[in-house]
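Structure first, commentary second.
All chains are identified by letter, namely A, B and C, in their written order; residue positions are counted from 1 within each chain.
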Amino acid sequence: MTFLLQVQAILWKDIRCELRSKQTWISMGLFALLVLVIFNFAFDLRVDNKAAIAPGALWVAFVFASLLGLGRTIAAEQEKGSMDRLMLCPVNRKAIYLAKLLGNILFITVVEVIALPIFAALFNVPLFTGELVPIVLLGTLGIATIGTLFSAIAAATQARELLLPILVFPLIVPVVIGAVRATGALMVSSINEPPWLGLMLAFDVIFLSVSLLTFEYVIEE
Amino acid sequence: MSAPYLEIKGLKKTYNLKPILRGIDIVLDQGKCMALLGANGAGKTTLLRILACLTKHEAGTVRIDGLDIGQDVQQVRLLVGFVGHQPNLYDELTIIENLLFFGRMYSVKKARERAAVLLQRVGLARRSDERVGTLSRGQLQRLSLARALIHSPQLFLLDEPDAGLDDEGIELLEALIREHTEQGGTTLFTTHNFERAVKFSDQICMLSGGRVVYQQATTGLEAGGVRLAYQEALR
Amino acid sequence: MALAKKEATIEQRAAKDGANKQATRFPVASIILGSLSLIGMMVSILMIFLYAPMDAIQGNPQRIFYFHVPMAWLGMLGFVIVAIGGIGYLVKKDERWDWAARASAELGAFFITLALITGSIWGRTIWGTWWTWDARLTTTLILWFIYIGYLMLRSYMGRTSASARAGAVLAIIGIIDVPIIYESVNWWRTLHPTAQVGVQGALPPSVVLTLMVSLTTFTLLYSFLMIQLYQLQRAQTLAQQLRASIE
């Protein structure tokens, strides 16, 4: 069975299981919306400083919702704490990583697609498609790449819900900075803006490669 | 005299710095069935998990059909069918979806037909569209047997397969092992039941404190004799 | 049962012999490094307070520089060693690489904490605030979080091979990420330049000399402490092994 077919089989299995259990998506989506609402109360949003805060609020919501989802999707693979049922199979461990990564990206993207129009409405910000897509894609890929790898690491520990954010947040700083600044630049154009998309792309490529290489060391017993 | 199918030499494994297996030597020819006995904590489950490539050993060699478990891991996984303490199934998927998924993972050709045959054999054919989460313990164990056999493995590994099965289930287990042996397959199973060990297997092996303390062919043995030998070995 | 008991004592004896051989070996490296560090520390302190010139703009508080820079340097170096130890363990599967990694993680975390504190104090004396989000200080803070994450992870996962592997992967990702983090924070800061903690402009030779001496001393101190912590890791592993073999 070729590598890509293995990825597809696992991804399909994960999607079907998630659709039937409905545990992760709903809580992720609701959480993202809640964060946005709380931001509305936390920051006094007058017209002038909205542009400064809105991108930050958006990406904080995405990051926190992502972390919720990342923890859940790897936990779903565990049956009473072990991933034996998948590890028994002669499937390439890199394929497992890719399948989990794609699944996480899918979940996070669905949440983003729901949150963006609501964000535009709550903050009275023009919804700008097109140019926003690469930013959201690269940002999501960055968060998911690191997050999928570390959710596998944290899954082995008891305090996994606490440990995952502590491990992931510092490492995704470049992506968060880049995504927030790039989103902000869409709302209020500025001169001499550094190439944030290039930075995020480099980050994604580098850490996707490193994660693919190191995942098997983390997932095998 | 051809090489044995399963050859374990000097196998060692520690967990959390605690030694579980302290040098295991086992030899099993193709087409034979071995019963593994021993108290809880003797290392039976760990040994089986190493053979199923779920966990790595630290010293010693394991050869299955000439393949080294350290170097040819993915090929060995293809040869092995494992039934463990957990059913190793996905609760949210239906019975047939589970078997088809594992069929795809093991690159089984004509998976649907194979799955249908196996479900008929284990008596779950009528429930094939039910979610696994709704099954009883006995039904889960039967489905687990079907899952382990979906890719027609050469080496059949079972960790206390008789636990949770009723009399009918035990008969099915015995029949499946017999069929596997008739098709040239090799079997290794653990149990706490001396009668079953003697009845199902060609060879008995006892583990104690991470070592093999007794190995004997079962022809002419009876359960009572085995029990005595076991108590002797433990002393 | 009897068989198992006999094995326990044989193994205990073997482990004790191994441990004794190490314990009786004379700690040459430690003594050399220890004394060099001590001498170096005395020389450095003399140089820092008496030899190095007083900064025209910042005054005496600028001397924190001679402590802050080596500490930040050791924090960085420490993490590089954690990553090297991690890679070594993944490749060689020898737990001694992991002992080095854990030792360096504890030590590096300690020095990076000191770097943060000295940096903060220094910033306070120049700018009046306890914290500025300048690129260097911010990256140091993030590296601190990565260290803490590493220590927490190793602590939660115990002394298993899974723990060593997880730590190795975290260290590898971390060490590749730190330069990227620094760049991204730098870019961010150029848009909103804030107070920078550091010395500007070309440095006179006496400053450079003092800094070099201080750096060397701290690195010697680091090497000395590394040996002690490595031995401690070894001892802890052996102790756990003995405890496990008795149970």
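Heads up, the rule we're going with is that a contact is a pair of C-beta atoms (placed from the backbone, for glycine too) under 8 Å apart; a residue touches a chain by one contact, two chains touch by 3 or more.
Quantities reported herein were computed from a predicted structural model and do not represent experimental measurements.
S.K.: Is the C-beta contact count larger for A-B or for A-C?
M.R.: Of the two interfaces, A-B and A-C, more C-beta pairs touch across A-C.
S.K.: Most central chain by CA mean?
M.R.: The most central chain, going by mean C-alpha position, is A.
S.K.: Based on the averaged CA atom positions, which chain is farthest from chain C?
M.R.: Using the mean of the C-alpha atoms as each chain's centre, the farthest one from chain C is B.
S.K.: Between chain B and chain C, what's the gap in Å when you average each chain's C-alpha atoms?
M.R.: The answer is 48 Å.
S.K.: Whole-Å distance, chain A centre to chain B centre, using C-alpha means?
M.R.: Averaging C-alpha atoms per chain gives centres 40 Å apart.
S.K.: With chain centres taken as the means of their Cα atoms, state the distance from chain A to chain C in Å.
M.R.: Roughly 32 Å separates the two chain centres.
S.K.: Could you say which residues in chain A touch two or more other chains, in rising order?
M.R.: 221
S.K.: Looking at the complex, which residues from chain A come into contact with chain C?
M.R.: Contact set of chain A toward chain C: 146, 149-150, 153-154, 156-159, 163, 166-167, 169-171, 173-174, 177-178, 181, 190, 192-194, 196, 199, 202-203, 206-207, 210-211, 214, 217-218, 221.
S.K.: Under the definition above, what is the set of chain C residues touching chain A in their complex?
M.R.: For this pair, the touching residues of chain C are 90, 142-143, 145-146, 148-149, 152-153, 156-157, 162, 165-166, 168-170, 172-174, 176-177, 180-181, 183-185, 187-188, 190-191.
S.K.: Sort out for me which residues of chain C touch chain B in the complex.
M.R.: Answer in residue numbers: 1-4, 7, 11, 158-160, 237, 240-241, 244-245, 247.
S.K.: Residue numbers of chain B touching chain A in their complex, please.
M.R.: 52-56, 74-75, 77-78, 80, 82, 84, 86-90, 92-93, 97, 101-102, 104-107, 131
S.K.: Can you name the residues of chain A that touch chain B in the complex?
M.R.: Checking each residue of chain A against chain B gives 1, 5-6, 9, 13, 16-17, 20-21, 79-80, 82, 84-92, 220-221.
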